[in-house]
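For reference, chains read A, B, C and D in written order, and residue numbers begin at 1 within each chain.
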Amino acid sequence: MLKNKLASKDEIISKFFDGMTLMVGGFACTGVPRALVDLVLESGVKDIKLISNDAGDPDICQGRLYHAGVVAECWHSHVGLNPEFGELAKDGKFTLHITPQGTLVEKIRCGGIGAGGILLRTGMNTDTDMEKEREKITVNGEEWFIETPLHADVALVRARRADYFGNLTYRGNMANYNPIMAMAADCTIVEADHICDIEEIQMDTVKTPGIFVDMVYNTQKLYV
Amino acid sequence: MEMSHGSGQTLNDKNAMASRIARFFQPGDAVNLGIGAPLLVADYMDPDVLVHTENGCLGVGKNTSRTDPTVSPNMSLESFANAGGMPFFPIPGAMVFDHATSYAIIRGGKLKGTVLGAFEVSETGDLANWFMPGNFAGMGGAMDLCMSKMVIVQTTHCTKKGAPKLIHKCTLPLTCKGLLTHVVTERAVFEFIDHKLVLKEIREGYDLDNIKNNTEADFTVADDLKTDVVY
Amino acid sequence: MLKNKLASKDEIISKFFDGMTLMVGGFACTGVPRALVDLVLESGVKDIKLISNDAGDPDICQGRLYHAGVVAECWHSHVGLNPEFGELAKDGKFTLHITPQGTLVEKIRCGGIGAGGILLRTGMNTDTDMEKEREKITVNGEEWFIETPLHADVALVRARRADYFGNLTYRGNMANYNPIMAMAADCTIVEADHICDIEEIQMDTVKTPGIFVDMVYNTQKLYV
Amino acid sequence: MEMSHGSGQTLNDKNAMASRIARFFQPGDAVNLGIGAPLLVADYMDPDVLVHTENGCLGVGKNTSRTDPTVSPNMSLESFANAGGMPFFPIPGAMVFDHATSYAIIRGGKLKGTVLGAFEVSETGDLANWFMPGNFAGMGGAMDLCMSKMVIVQTTHCTKKGAPKLIHKCTLPLTCKGLLTHVVTERAVFEFIDHKLVLKEIREGYDLDNIKNNTEADFTVADDLKTDVVY
């Protein structure tokens, strides 16, 4: 019998703590684990280090964390969706590490696969802050950035389907960061549109193996 | 400015640029179109050019809307939305994938081209398009997309105040250094050849003097310059 | 209409050349594109730089390339399956780069995703040839190997199902290196157990998007 | 040597070691078992321990064979074969994945343990198990697997010629340096604590003198040493 990882609201909230590094999957309003973001807000934890593609819609996505004033540091590729972000940033409410999108996802992957970093050249010679913050190395005559890993205490992941063990599938382009973040946290918590029994998801179609998942938010009555 | 189009239609400048850029691509090519005006390129391309959206789809089809009564009420729209948040229908055989794979496609050289907007373009192929004082959004995927084979800027020739956008050297933070391959404005088409700006086409209704007077960047004129080009 | 990439034997053989770097998917006898290996042998090309998990069964897999004497240089994690390999190696027939398995697959991935390398510590402080061949770097106080990319001229990939555009699925553990190698070559050629029309493979279940595939070996009559 | 087993069965040494090692793991743990004798551990583990095979499956179930009439003739067997090439049935809910993901599981710390064979084990937790003159196979995944939380060596206490396998310093090329956590032989169980070898258990039929006389490596005896342990 595979472990039943269905977890209640209170069990999930018990995993959150002040100062935690939190990954939130999704891209703009697509594939964001909105109900899990609700639980972070409900928990009242603060000083969150937030890693997500963007600063989020302020009404329905992880942008709500900014609105609540609980973010202390953040890694994003884009912050233009959230009209509050600029004002809060000006007030020095948090430290922003703006990161090119393809670089951000590889930094997260490094955190998941136990790598010490990856060599990329996105942003090379732009003389931007992004470039200045990075060490460079020359390998085989070419110059590369050393992109260091990002790892989280907790990752919030949105899936289309999850079995109770945490085998996951996605739909369309709601996968985005979710399968990568699922690998890169001490505690990966999943919100799924459909929750099902094992073997209901044909094994060859699974995108995130359940070994990476710690909890599945039990939002539906599961008949097993 | 509205110009007469080959088909007898008139196109506003945005659509005209999109129409010209569309002709760079062949059936089977994979192309990323930036948020905003570059998305219009899709309306003019051969339908067999594959459109990539960096948030996880290659084979973006017709746009739809959240109120279209022919699609399901919300979930399928959340599942298929382009980088600008616009819902779309995937084409038959469309590919969907996670973000790591999406950027493997980009950095791995599988895109024939990318079309980006610009605040500033330098005469050596630098682009600034993600940071302006008072307009800070972040680079998103733009720095990565500049590693495509063809990096095409789609921009008005001048700012709203009439200042040239093609300049000697960018003053804003860069998106890429020397990686641009083409610039298409509502007046002309330029190509970067060995990091030097070359004027290749002048659109009908404009002449070389107009281009010279509105371009700060140094450029040379191609031996095979085409004039009176219909976008 | 997506491009029809079904290719004949002769079209595939035309992509092979002397001295080419060749990736062959599979692990031991699982998931190896055996019919495509046949075509390499039939082509008569030589001085191949071979990248594959192992040296292959000498009768049915890429081990046949050693038997034919057409390998000049190779990257493998394991060579124990091929009883001829040791003898040929002793005779100096080729140069072997023995590489830990998890490192080999990440080197190939770097070749596919346009990275300049990845930092791993597999094999650290073993004082083996594997260690001596590598540059090290200290990042955040920890020592890592700089693992450089592997990229191929041609990758031979085995899939369970392919549509004519090259969207691929795998079955069980025959995937192994195949989806990674598919990304890492100038020309990726697929051998599939089943060839089908587009949309027969539900998009969310595809593991290798067809954009990475150049040719699908037309071994079946496809009714489209 | 055959010893009496708790259940009344007798187990040969290989099975006895497998039986003892199996008790390190709890239901829900994920474990990689090396090719050869370590695979026997699966026969003694709680059935809810998940078995990982590095070539792409977590949830390896019963072994089968290519001539088993209850399975299809060839393809399904090629689709499910462990790292030693032995066909198997996946358990319900089993996970299959590509090689990059498989090693993400390994290096990412998701395995509770790995069980490996050995040519030599040093007193500081080094392992040599992949290269011997005249027996060159390559390290395969062994160097990666040594990054698991528990790295357990399963080995006969001595070579066939009677020489100790637990020695001061390995003479063969290493698989890992100081990453071993446990050694289980047919005679004893050792644990590495702060890179020092500690004797934790002596199997029934053996005594401390036997262990001392057959172990070159320096070791200390645990305060809570268990003797007469039934494997």
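Basically, a residue touches a chain if its C-beta (ideal position, glycine included) is under 8 Å from a C-beta of that chain, and two chains touch if they have at least 3 such contacts.
Because the structure is predicted, anything quoted here is derived from the model rather than measured.
Enquirer: Identify the chains adjacent to both chain A and chain B in the sense defined at the top.
Expert: C
Enquirer: For the pairs B-C and C-D, output the one whose chains share more C-beta pairs in contact.
Expert: C-D
Enquirer: At what distance in angstrom does the C-alpha mean of chain D lie from that of chain A?
Expert: Roughly 35 Å, centre to centre.
Enquirer: Roughly how many whole angstrom separate the Cα centroids of chain C and chain D?
Expert: Averaging C-alpha atoms per chain gives centres 29 Å apart.
Enquirer: Taking each chain's centre as the mean of its CA atoms, how far is chain A from chain C in angstrom?
Expert: 31
Enquirer: Two or more other chains touching the same residue: where does that happen in chain D?
Expert: If we look for residues of chain D contacting two or more partner chains, we find 90, 96-97, 100, 103, 106-107, 147.
Enquirer: Note the residues in chain A that touch 2 or more other chains, in rising order.
Expert: In chain A, residues 106, 113-115, 120-121, 160, 170-172, 203-204, 207 touch at least two other chains, as defined above.
Enquirer: Under the touch definition given earlier, write down the residues of chain D that touch chain C in their complex.
Expert: Listed in rising order, the residues are 53-57, 75-76, 78-81, 83, 85, 90, 96-100, 102-103, 106-107, 131, 136-144, 147, 173-178.
Enquirer: Under the stated contact criterion, what part of chain D meets chain A in this complex?
Expert: Listed in rising order, the residues of chain D that touch chain A are 27-28, 30, 48, 50, 58-59, 90-97, 100-101, 103-110, 147.
Enquirer: Under the stated contact criterion, what part of chain A meets chain B in this complex?
Expert: Counting only chain A, the residues touching chain B are 27-31, 53-54, 76-80, 86, 89, 98, 100-103, 105-106, 109, 120-130, 160, 170-180, 193, 207.
Enquirer: Where on chain A is chain D touching in the complex?
Expert: My answer: residues 1-3, 112-115, 163, 165, 167, 183, 198-199, 203-204, 206, 209-212.
Enquirer: Using the touch rule from the top, collect the residues of chain C that touch chain A in their complex.
Expert: Touch list, chain C to chain A: 106, 110, 113-121, 135, 137, 139-140, 142, 144, 146, 148, 160, 169-172, 202-205.
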